[in-house]
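Scrolling down, you'll hit the structures one after another.
Next, two complexes with subunit A in common: one pairs it with subunit B, the other with subunit C.
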Partner chain A sequence: MSKKIVEQEKRAFMTGNEVVAWAALAAKADIMYGYPITPQNEIMHYWTRMAPKYEKSFLQTEDELSAGFTTIGGVMAGRKAFTATAGPGNTLMQEPMSMAEMMRLPTVVVVQQRGGPSTATVIYSQQEVTMTSIGGNGEGMRIVYSTSSHQELYDYTIKAFNTAWKYRFPTFVLGDGYQAKMRESLTLYDPEARGIELIPPEAYVGKEGVPGKDRPPAHFRNTYNMEEELYELVMDALQDYEKISPDVAEYHSAGIEDAELVIVGHGIVYRAIKAAVEAMREKGLRVGYFRPVTLRPLPVPQIKELMASNKQILLMESSYGQLARLFKDVAYGSSTKINTFFKPGMGITAEEVEAAAREILK
Partner chain B sequence: MPQSWRADTKPHKFCPGCGHGLVLKCLGQAIDELGIQGKTVFGCDIGCSLLSWDFFNLDSVQTHHGRTTPVVTGIKRARPELICIAYMGDGGGYSIGVQHLISAAARDEKITAILANNTQYAMTGGQMAPTTMPGQKTETTPYGRDPETTGFPLHGQEMVASVSREEAYVARGSIANLRQLKSFIKKALENQMKEIGFSFVEALSACPTNWRTNAAETWDFIEEKMPVYFKVGETRKNE
Partner chain C sequence: MSKRIVEAYTGEYAGGKSENALNRALALARQGRIVTLVDLDIVEPVYTLRPIQEELRALGINVIAWKTAETVGLGEAGTTLKPGARWALRHEGDIILDIGYGVEGTRTLNLLEGAATDQDLQVIAVINISRPMTAEVKDIVEHVREMGRVDALLNNTHLADETTPEVVQEGARVVAEAARHLGLPVVATAAVTSIAEEIGDVDCMGNPVRVLTRYMQKAFW
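And now, the complex of A and B:
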């Protein structure tokens, strides 16, 4: 048994990437596979420094296809395996994650979004929402946590391993360059000391006993002879996904009850929204916010309830409507107007949120 | 029938005259003789090799096109005590997944990659592969492969050998000599079992379906024509 990374709760001031490495160790991740891409590099840097001290492994692969597929191998071998990527790397990651989706493999991927498609603009973006949530040639049976702070990066990276191994769907922590690179305070803790049970991994292949003698062989495939065979499997998995969605979906909201205007946003944009809403509340404006933590699956009943309440909606994001598309799909049938504020690849400040809100309330 | 074969999935799903069954027979015999059935994991690719997903009484995973090498590498890195085999065709190993094969060899991954070379993409209907012979007719070279515009056949085994360490085992066998092919595969697996280094065996294989050859022509192609470009033998051996 390797020693614990965090013996006692402690306050720390560190970058988001460092937080992810600490969280993965706290979640008892066994192995990271990775390929360099900004802005996630320091996750690997901290993991490679700390991992040997805790009997953990690392493999630097030749590209993100390999990082994703080796992660699949690690998971199938019965280890808590993860990778981290961004931007064009996330594009390549879609192929392995579509395989993980169909084989119900509990892979964990940390995505630190970057602006794009481009190089160099690696600071800030929410442009990987569509790709992370429903990318790949499949039905988007993934779980995506969009974090907004270093504490959440820590909490949800730990949670991602549990969610993945509990439900057996690929699970993503969706951050961005800001969260990856800035320093912020948070509390590091040992999840088990807080009563969070860490779900142990299980081997898909390389199990005990001789296959064919002591037990049937474990045969995993992506090939089907008939459309009906594939259809049945996809529908079964979708049914499972629908069933678990209410348990998995998370959101935060405040001030909705008496609000005239509810501002919707996710990730770090939610930080600006929250600050603006609190400031406007102090000035007596009736505003509230609604923030999905999970982008897949979305908190459907709560969004439907919000959209039925005849309030004004302002949806803000650092992409050109990637959250809006997912949100509007759930909101379909409501006549409530959705005002939008899109700034692809650009940050949104609390001042901008307030100005946009005041424009609508005028 | 080798012990490690799964009897209830036989007869296998390959076309009549296909080389895969013979390569997998050698592999099955090697696994039996080495007594590693209980700790071997088998990965197969997309292409005709995928038809081996339930071929063995081995824990198996069929992956995406070209991605068997990284999946098997991932398993081996997570569980070094397992014997991990990546089985693929020439399209998977030398074209779409060439970066994985080369990188695994360069990193000296302690896995065994086995590649069946039938000089074209068979599952998709017989298109040109990196291994297609000059003048050979395929669906995408209907007038024969012209090296001027499409290059010469890739010497994949030599390419893998060139980036492999001295301790690696790299060889090319042929279904025209099964005794030798089995001994190559066995040595490759032993290299992994002894934790010596990366191991790779290319097997010259046959595809009469897409070659549109009869038995005599098939045999002539594999025994006479292919070895002109693809020299059979051991390029790296740790002896």
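And now, the complex of A and C:
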């Protein structure tokens, strides 16, 4: 048995990509499949630097289609497999992840969003929300954690493996280029030492015994001849998805009770929102924030409650309304005003959050 | 004026190369020396000290780095060496080289005219033991040996805003031990002003303490 990546808890100063590689090792991932694309490259760099020391594997594929499909192959063979990508790589990843969705296979994809559309910038955006949450040809039966710090990248990468293998829906950790490249401190820990049980992978194919006689056949399909057959399967999967959604959905909020204005945002933008809300609170302004951690599934009851409370909403994101579309779908029927602040492909600072909030409160 | 100083700062990704290089350049300039700072990040010129070069120039140093306007239109065109950087060692005065993106290490120096024969060139590996890849003596030794030419180590151990003198001193001990294994000197320990003041002029291993002002956070990267 290979040695543990983290023997004892410690504070470390790292880049986000590096954190993801360490988290995957801490989660006992067996293999990474990948194709290079900025800004996620150092996930691969650090994984490949460390993998030999911990008896782990890596395969560089010819593109992201292949990286996604080989990840699925690794999973079917009983390996805790994962991949990481960004931007146009994420676009290609939609095809294999749709297949994982159809076959109900656990997959973990770490996305470090870059500017779009297309190749655009290598730097940053929140423009992969729609694609990651409801991309592919299907119904968006995925789980998407939007992180906002290196600690969360570590925590949620570890969690993503458990979530994927527990519920068997494709699971994504949605970071961005800022989180990928920026440096900050976090606590590295061994999840098992903290009492987090890591779900072991199992082989879905190539099992012992005769299929149909000793065990049910391992029949993983993504093609159906008859619409009725497909309909039944998709509806079953959707029912499962709806059932687990309340258990999976996560959010953070503060100051909502007496707030006149609640600022909504996710990921790294939430960091700016939180800083601005704290600064404005100190100055006596009645503001709060609501931050979905899971973009799929969204924390539906909490959003409905928020929208029923007669406060104003200010929704801010580094895209032209990708979170807003998901949010408004849940908020439908409420007359609460949703103000928006969209900056596709650009960062949003705490100063900008405060200025936008003050404009509304004026 | 004493002999020309030529230093190349290299090391692990996010280890503090740029911050130490630019602080060294500014410190030399404050002594009235002529200093040229060279950004040698050929992999990711969108990151690095590009956004703060005007600020650095205003503080009295020459900077060879891409300007935003010059890189607009390049896209992800692969590696780009600013032509002026190739001839950097021919400049008058002190030359401080910031070797970006640690993966290729000091091999980047091969792109500079005269690097192989420059008698004054000293390659300094910047080490932060809070970086998990260079946390222990054996990791540092392995890392430095992989880097190619390295002439000295610099202890840049910190935990950003959580840094304490103890964190830095522990780094000084570990880096000194690694340097002993490698047969290399330690040129300095670097720390931000408040920490450096607490430690004093020398660290617990007797190496000089360099005072850092943080500029790179303004560069976003």
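Here are some notes:
Please note the rule applied: the second predicted complex is superposed on the first by the 350 of 362 C-alpha atoms of A that agree within 3 Å, B and C clash if a C-alpha of one lies under 4 Å from a C-alpha of the other, contacts with A are read in each partner's own complex, and residues count from 1 in each chain.
Here, a residue touches a chain if its C-beta (ideal position, glycine included) is under 8 Å from a C-beta of that chain, and two chains touch if they have at least 3 such contacts.
In this text the structure is predicted, and so the values were computed from the model without any measurement.
If you put the two complexes together on subunit A, you find that subunit B and subunit C both fit without a clash. After overlaying the two complexes on the shared chain, residue contacts for A:Lys283 are found with neither subunit B nor subunit C. Of the two partner chains placed around the shared chain by superposition, subunit C is the only one that A:Thr119 touches, whereas subunit B remains out of contact.
Looking at the superposed arrangement, the partner reaching more residues of subunit A, out of subunit B and subunit C, is B.
In the superposed model, subunit B and subunit C sit 100 degrees apart as seen from the Cα centre of subunit A, a figure rounded to the nearest 10. Shared-chain residue A:Lys362: touches no atom of subunit B or subunit C. Using the contact criterion defined above for the overlaid structures, shared-chain residue A:Arg194 touches neither subunit B nor subunit C, since it reaches no partner. In the superposed pair of complexes, A:Gly78 makes contact with subunit B only, with no contact to subunit C.
Touch criterion met: A:Ile31 reaches subunit B, while subunit C stays clear of it. Between subunit B and subunit C the least C-alpha distance in the superposed model amounts to 23 Å.
Taken together, the two structures place no residue of subunit A in contact with subunit B in one case and with subunit C in the other. Subunit A makes touch with subunit B in their complex at residues 30-31, 33, 57, 59, 61-63, 65-66, 69-79, 81, 95-96, 99, 203-207, 209-214, 217-223. Those residues of subunit A lying in contact with subunit C across their complex are 11-15, 18, 22, 38, 42, 45-46, 49, 119, 121-123, 178, 181-185, 188.
Those residues of subunit B lying in contact with subunit A across their complex are 4, 6, 37-39, 41, 46, 50, 53-54, 56-64, 67, 70-79, 82, 99-100, 102-103. Against subunit A, the residues of subunit C that register as touching in their complex are 13-14, 44, 46-47, 75-76, 103, 128, 130-133, 135, 158-162, 220-221.
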